[in-house]
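Attaching a single structure in structure tokens format; questions to follow.
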Amino acid sequence: MAIIETKGLTYTYPGATKPAIRDVSLTIEKGEFVILTGPSGCGKTTLCRCFNGLIPHFYAGQLEGELTVAGLKLTEHPIYEMAQRVGLVFQNPENQLFALSVEKDVAFGLENLGVPRDEIRKQVDWALQITGIEELRERAPHELSGGQQQRVAIACVLAMQPGVMVFDEPTSFLDPLGAQKIFEVINDLSKKLSVTVILVEHRLDLASKYADHVVIMDEGKIVLNGKPREIFNSETARLIGVGIPKATLLWQLLQENGIRLEGVPTSSEEAARLLREVLKT
Amino acid sequence: MSVFEGFRFRHVSSPIHRRDPRVKFLYVLVMFIAAVMFNELPVLLVLFFLQVPFVLVAGVQRQWLRSLRGAMFLVTFLFVFNLFFGYISPGTVPGGVSPLEYAFSMSLRFLVLVESFSVFFLTTSPDHLSLALEQSRVPYEFTFAFTTAVRFVPVLAEEAQTIMDAQKARGLELEKGNFMKRVRNYIPILIPLIVSAIRRSLELAEAMESRGWGAAKKRTNLYVLKIREADLMLIIISAILLATAVYVRYFVTIPSITMILSK
Amino acid sequence: MIEVKNVHFTYPRGEPGVEALKGVSLNIRNGEFVAIMGQNGAGKTTLVKQFNGLLKPTKGEVLVDSVSTRDISIAQLARKVGFVFQNPDHQLFSETVEEEIAFGLRNFGFKENTLKRRVTWALNLLDLAEYRKTSPFMLSGGERKRVALASVLAWNPKVVILDEPTIGQDHRQKEILRQFIVQLNAQGKTVVIVTHDVEFVAECGPRVVLMAQGQIVADGDARKILTDPGVALRASIVPPQVTQIFLGLTDLGLPTDVIDVEEAKKVLLEHLEGDKR
């Protein structure tokens, strides 16, 4: 069942000469883990802002086409209604945390919705537990590391229990170890809570092993859309200049030299496994 | 900057820290009114020393003393100013009071005002403060603006430092040149700071909207302030103080130190 | 060129007793290409800020071109040691890109004619000629990064320090940056990059100085350090993807010091050929 459906979505920022996204038609099924990637300026961030209603309600500009998220038509509902179904975690952890303690920040969304206090308490405790940051409960956001801040930001969005969570380059400011931890948290949300995940990322080496659906954009249009292995393996991906996982690159090189592996790997563990099969013989 | 040290909250706990900020503010207000009502040095001395037990119980002596030191500059100025005018135009000084005593009173009064606020801010954390604002029927937009501002003060301070470093690394020498040049030297620091602040507010606004800002007419709250017995005691103390002050003002003649000494 | 002698450093407003640098010693020769690596918080940026005098050691000494950083001003050091900060928006303030690039040159007292030439040179070097009269705030993120870089290279410092140059860059931009940095070094500049991007370093192959908790835990060849799992553990870094593949195949007798995809292909092909015989 499709949870997000767009048809011919086109958007131009106010004062821009050309559209940031053009004729985007995309279907995302409930429970999928989608990776959205592409070169800088391809429109991925713009598309993310469409998913939760920031476009067109927060950013003016021209929007054409249709977008339905969890049964709601984008243009017909204000952001605060969309926000209950689609959560958005941004790139910079610092600028998503406003309160003076982690607890209060996580409660922020629920307070806005007018949820009764005991409910808020329960949801906050739950969100802190799932993201593994219970011990940070009373800390001030400024005292936390980037990775911790980002986990708080995730908890803040998670507390509202949206069915879909969109992450716009959440690991940009983190080191690889911090990035891995965030991907694990996101993966947990996907597998344990059946949240539909849309992850915008450049670091495909680290993230692609979690995805079951990959969308590549370039210059505002969707260029590739399908299963990770097909996409990363395609010539188009290489031409666009996306950072294809090294494991897949290796597979391609071996393929060119006549070495066949039992499948296309996207992670180093997979590649090691497949190579083992071939090397043992 | 040591005067600001006297206002910064520390993560300590004491019976004073735990009091409801609204009640503490009431107490400070009463102190304020009482101080304004009196010119007389003996009364002002009493008011000043009345703060000391609170300071000691709260354990914030060092910071409080530091803020006293910081305020000394203005206090000395007030003292000299009032002393000067006290001698020049004797009409300003009330009868039976020497200009010296008058100067002391005026500067002490200022100190009492400053110090009562100091105790308040030293024992009230910003989140308690914002909670108090929220629950005092202040529109949420203002409380939010306040809290967010406090939250970002350390961030902006760090950013200002980084920007200064970045420009120094391009050869900017802040201390060089005449006054005009020195003022202009700060442009490469202010502009990135302002631009960054604007960008930051945009991102914050996006995040706020994305978490349901404006969804419900009546916001609920994770925490709630409760008035406890100790708070009631503080309210009673404040009421007694105010009543005593009014009584003394209207029914008691306070001798000035000058008169006491000349007897 | 840069000598770091047993430097200890504590931030003045930091927690007392917590040293950000605990006895760091290091020598960087003229023309070297060094990558200072480690987790966020390991002390990398604290260390490089000692090179241009923004920070002075609490104990120990830093010599740049045989002069102690305590003996000359930051401006004088900056003339020799250019520092490109992570976030270009912390530097950009001028009305045009041209003005922005001229800023450093003016501060260092370059004469108008030379200044004009250097600005044009820097614009061309970073492919920014078309934006000469554009406001830097109108440019995209990647373009602003280039302006910041151009404004530092304009005064031709002997040493260029780049703090986390790969953050927020897509694959193609990283590739262009990599080539640019390698070329810069080839032209004789001493290049120091501070980064946690292991893949980027694996592709550049510089000398790696690995830090953890305020100390240097490894210093040497990129290949040796990045493929050593023990070292990686101590410094909490993740080895390159290709290395990880080989680390999972050690029991089959394969080498583990592979960091490049092309290399990996060769090694695997040789191994398979060898098996066949």
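To keep things simple, chains are lettered A, B and C as they appear, and every chain counts its residues starting from 1.
In this section, a residue touches a chain if its C-beta (ideal position, glycine included) is under 8 Å from a C-beta of that chain, and two chains touch if they have at least 3 such contacts.
Everything numeric in this text was worked out from a predicted model, so none of it was measured.
Counted by C-beta pairs in contact, the busier of B-C and A-C is A-C. Of all chains, the one whose Cα centroid sits at the greatest distance from that of chain C is B. Centre-to-centre, using mean CA coordinates, chain B is 46 Å away from chain C. With centres taken as mean Cα positions, chain C sits 29 Å from chain A.
In chain A, no residue reaches two or more other chains under the touch definition. Interface residues of chain B, counted against chain A in their complex, comprise 125-127, 130, 144, 147-148, 150-151, 154-155, 200, 203-224.
The touching residues of chain B, counted against chain C in their complex, run 159, 162-163, 165-173, 187-188, 191-192, 195-196, 199.
Across the interface of their complex, chain C is touched by residues 38-41, 91, 145-147, 169, 172-178, 180, 202, 205, 241-243, 245-247, 249-250, 253-254, 257, 259, 268-269, 271-273, 275-276, 278-280 of chain A. By the touch criterion stated above, chain C contacts chain B in their complex at residues 49, 52, 54, 73-75, 78-79, 82-83, 85, 87, 89-93, 103-104, 107-108, 137, 151-152, 155.
On chain C, the positions that touch chain A within their shared complex are 39-41, 140-142, 167-175, 196-199, 236-238, 240-242, 244-246, 248-249, 252, 254, 261-262, 264-265, 268-269, 271-272, 275.
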